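Dropping the structure in here first, questions after.
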Amino acid sequence: MPARGYHLSKDELGADILEVAMGPHHPSTHGVFRMDLKLDGETVVDLKPIFGYLHRNHEKLAEDIPYLGCMPFTDRLDYLCGMTNNWAFALSAEQLIEIEIPERAQYIRVICAELTRLINHCLLVGFFINDLGALGTPLLYALREREKILDLFETLSGARMMVNYMRFGGVRCDLPDGWLQECERIVGRFPAFLDEYETLLKDNEIVITRSQNVGVLTQEEATNFSITGPMLRASGVNYDIRKVDKYGIYDRFDFKVPIGAHGDCYDRFMVRMLEMRESIKILKQAIADIPEGPIMGNEPRVFKPDPQETYGRIESPKGELGFYLIADGTTNPYRYKVRPPSFVNLTALRHMCIGHKVADAVIILGSIDIVLGEVDR
Amino acid sequence: MNNFIDYKLIELGQWTVGLFNDYPVVQILVHLLLATLPLTLVFMGAFGFSTWLERKGLARIQNRLGPNRVGIFGLLQPLADGIKMLLKEDIVPDRSDKLFHFLAPVMLMVPAFIAVGFLPLGDGLMALPMDSAILFFFAVGSLNTIAVFMAGWSSRNKYSLLGGMRAVAQMISYEIPLVLSAVAVIMFSGSLNAQEIVASQQIQSWLASGNLVKEFFGQILGWHIFKPWGFAGFIFFFVAALAEANRSPFDLPEADSEIIAGHLTEYSGFKYAIFFMAEYISAFAIAGIATTLFLGGWSGPVIAGLPWFIIKMFSLFAVMIWIRGTLPRLRVDQLMGYAWKFLLPLAILNIFVAGFYYFAEQQFGSLAAFIGGWVIGFGILQTAAKGLSRLNKSPTLDGKRVYQLVE
Amino acid sequence: MTVAFYIMAAIAVLGAVMAIALRNVVHAVFSVLLFFSALAGLFILLLAEFIAVVQVLVYIGSVGILMLFAIMLTTKVTGDPTRKLLSRGWAWGGLVSGALLLAFLVPLITQSKSESNSQLSNFNPSVKDLGLTLMDPYFASVGVIALLLTAGLIAAVVAASSASGE
Amino acid sequence: MSLIAKGILQGMAVTAKNFIQSYYKKERLPTVEYPEEKSTVNQFTRNIPFLVYDGEDEIEGMRCTACKLCEKACPPQCIYIIKDTDENDKPIKRPKVFDIDSSVCMSCQLCVEVCPFESIRMDSEFELSNENRFEGLLINRDELLKSNEYYHEIHPIEAQETDDRIAAKIAEAETKKKAREEKARLAAEAKQAAAAMKAAEEAAAETETSATEQAQQSEAKAEAPEDNPETKNT
């Protein structure tokens, strides 16, 4: 895939190219990520993403731990979305042992996943505008709203972010009394916050001039880079695993997928804003329909699946999150491989940044929505 | 007139100088001290207060509490910060240009304080009463650029250098619309003298009438901001002033999300504090000059003079804080484009509108000129602005977008 | 007044000498700026406020910055240290330039002494008078200069845009 | 962008609204000023594990039997257990050393889930800061031991469920034991009757039966955590 932009030698340019190492300690590289930039004035001529500063041996570690023991580690992949990470891992392990998941557990999973999507997207928008230089005001509004959902998670699972809530065959514990009512109240109020958020940001002339037509990724390019998630949909590809795979019970809900037309930073930001509204739709349906019943199938804690391989994937807020497992008949996975959306989406960074300004490189990185815990694993 | 505070202050000053009548050399020194020392102290205090104000205001905008640990409402926070800054290690990069690294904060500080000297704080209250004070103000303001460049260049840091480059480009570009939007006022007032500009914004005939209501409104209605060209000019001036003072959304030289802290990256301890102080005082100075040019300076009802000037200056500063809490930052090229392709033509057009308004006032009386000016003059400016933004718009920038929702 | 003049003059001379002598280009430019500011101070001492302002605004604020900009684009900031300040032709150059300076300045100084201060005393160097002078008797020349400068500016813009448009 | 940018003004109206409302709306100022006021800790919160004991005495009432299931289940392997021994070097069902490295613990609650004796539970204590980053963060057995009352205080619902479960277990064990005793008694009676008949010839067989009886009883004791006589004190 040839990168767009220009590659000029030093002599052709007639001036020195400034090499700047942006990161690993930089205010807006979203963690310990480093971009080696080659700048011509302020224009990015070349960019080299460097990561691995947060490598924690996640995949190798799992090979020495029983399947269930890996569950708390998945929380730490994309530490903003513990619930969806749990679900993705549970989904792939459930394929190994083929068990039925009770109805109520399915609903709880959907509710948790969509709440996670709300958290992730409103935080992302906050960080994105923060990268645009807005001194954190939208970010702090997002954090304010996130707190409420985190409180819900805490009541449900005991922890705010490192939830470790899903189990193979269901979820760990049932909803406490009054949890659903509280959840309904918070979800009911969320659209008002979204309206305010959109008024603050959507029509802002500076946001528009800064983010429109910046970091464009066409349909073809996006699919070739195997981009997934909101970023792919912002490029105009209708691909949402909730619709494609219909995993869990997503076929029961009525929701739509927002699609962007330009594939630039503004589209990525707006697609996420719209996805939050669709998530609220799903949440309202799920809260209304949730049945009574058991929350766990009768599943042994430690099991020895037959030698086989599986790949379970879900639409995590950031894109396709998949777990590839090879079982060898023991209690531990033989191979445990994560397909993190952040990492794969990051591959398009260089392509998108070349030819833009330094300031754009920062917001393009922000619009990809990476979490270094997931990139480095 | 009820600006007795100013008169009392001036009397006090004259009395103090009078004490040294027998020692002419000492008298000159005392005179100089009286002109500069209170100003320095007051503005340094104002700097401390404004950092508190900014942190508190931003915090409330962001639904936080802000500083509240040191003193009541955290009012002593600036003091604590100052002590902390003083005690911090002063780190100078090994390969930096040590002399310039040291001189840069000083270079920024000096023009900032000189600029404050040109502000007409009250009736007759002016540290450097010069005939062409406004012009001097702009001349001194242009020195900031050099200091920022010095800081950026001498640090031997790539981020600093980028910040320095940005600062130079930005400040040069915005100085032109800044001065041009002030030209309309200078033209209308017919003077470069700050006091005369303030006086031209008071309706003298109403003030002399003895009617209390007329006196009250005579102090307000004459402000240039109520005139169409003055309103437009104020917007241009304020935008350019934000850029001159490196305030958000034009804080590119120290854009923290892109180039860490720009020219300030390698500064620490007291030098950093001095930078900070100089920047805030420049912001004050430019808010003060905007007050003088467009908001009637020290004129105001009931207690004209120093109090009104301070109220107006701090209000403008509060608006700066408000903007900082709301807006994202522009990009370098957009920033330059905005100055050259949008502000500059409009500021020039505004001079013409002001000229026509001036003649219309003489021909048809002030009321007719006022109404006509708002309808025609402002209409012209508005249309021009729209046309310019359409002209400048890149073809792919389509503003509001409609999104598809598919199954 | 005299003391102030000598201080300013000393600073100006120092700045000028340093601008030539310093091998670091950026330092040299800042010496030039120092010289300019001392000059502005001298103008203020002469009660030529407006000229002082213009000195600061144009020379320090614009020309100086322009020089700095030009330097930023060059790669070599520090000059070659092996090159000596005193080369063989130095003495001759100094002699010639000193002679020229005298040739130009001496007549001027003697003239101003002889023509008395009568002309100076009734000249009021206010900005208003300056403006009136420029706008009344010299209006035509000022207008022509302004037009020329505008044309030059437009030409520069056209040249720059066509160069980058390729 | 015309002279006045509409979108920017809209945004500024939003921030102004937030600024003003932060003075009178709790929702707009969610800050809790921590050291002075502490937000109520959710009763479901989990942080670092602790060991529950019943009754007054920490050592006697300890539920933990040092079975090391939690040690095996812990994914980051932050639990370290050594079994206690008595004077004769005979192992006792009680840990001598039970360390949790709180700097390693990731609060995943898997140890709680595997514990068959309802002994290890999650604490909601969050102020764990310490001056010593090595020994200070290594929590030993005596620090980990907390009473059942404390457990009830921090996690009322969960603790009640646990107690109910233990009570049910004990009741079950009790009924089983009673049934067994009854059975044993009946058998003994029958045997006594039989013994009366053929006392002399079958003396060897009788001794064998009583030995089996004893073995059965000790087995029942092991199944239920009966070494805690005050289990039902709540």
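Labels A, B, C and D are assigned to the chains in the order they are written; within every chain, residues are numbered from 1.
Here is the rule we go by: a contact is a pair of C-beta atoms (placed from the backbone, for glycine too) under 8 Å apart; a residue touches a chain by one contact, two chains touch by 3 or more.
Source: prediction; values computed, not measured.
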Chain nearest the global centroid, as defined over all protein CA atoms shown: A
A-B compared against B-C, more contacting pairs: A-B
Length of the line joining the C-alpha centres of subunit A and subunit B, rounded to whole Å: 44
Distance from subunit C to subunit A - Cα centre to Cα centre, in angstrom: 61
Distance from subunit C to subunit B - Cα centre to Cα centre, in angstrom: 29
Rounded Å distance, subunit B centre to subunit D centre (Cα mean): 65
Multi-chain contact sites of subunit A, meaning residues that touch two or more partners: 137, 141, 144, 200, 203-204, 206-208
Sites on subunit D at which at least two other chains make contact: 1, 8, 11, 14-15, 18, 30
Partner subunit C, residues of subunit B touching it in the complex: 97, 100, 130-132, 135-136, 138-140, 142-143, 145-146, 149-150, 153, 161, 165, 168, 172, 175, 191-192
Subunit B-facing residues of subunit A, complex: 18-20, 26-28, 39, 42, 129-137, 140-141, 144, 200, 203-204, 206-210, 212-213, 238, 243, 256-262, 266-267, 270-271, 274, 278, 357-360, 362
Contacting residues of subunit A [partner subunit D, same complex]: 65, 68-73, 76, 137, 141, 144, 147, 151, 154-159, 162, 164, 172, 176, 196, 199-208, 301
Of subunit B, residues touching subunit D in the complex: 57, 60-65, 68, 232, 235, 322-323, 325-327, 342, 346, 381-382, 385-386, 389
Residue ranges of subunit C touching subunit B (in the complex, touch as defined): 26-27, 30, 33, 49-50, 53-54, 56-57, 60-62, 64-65, 68-69, 72, 126-128
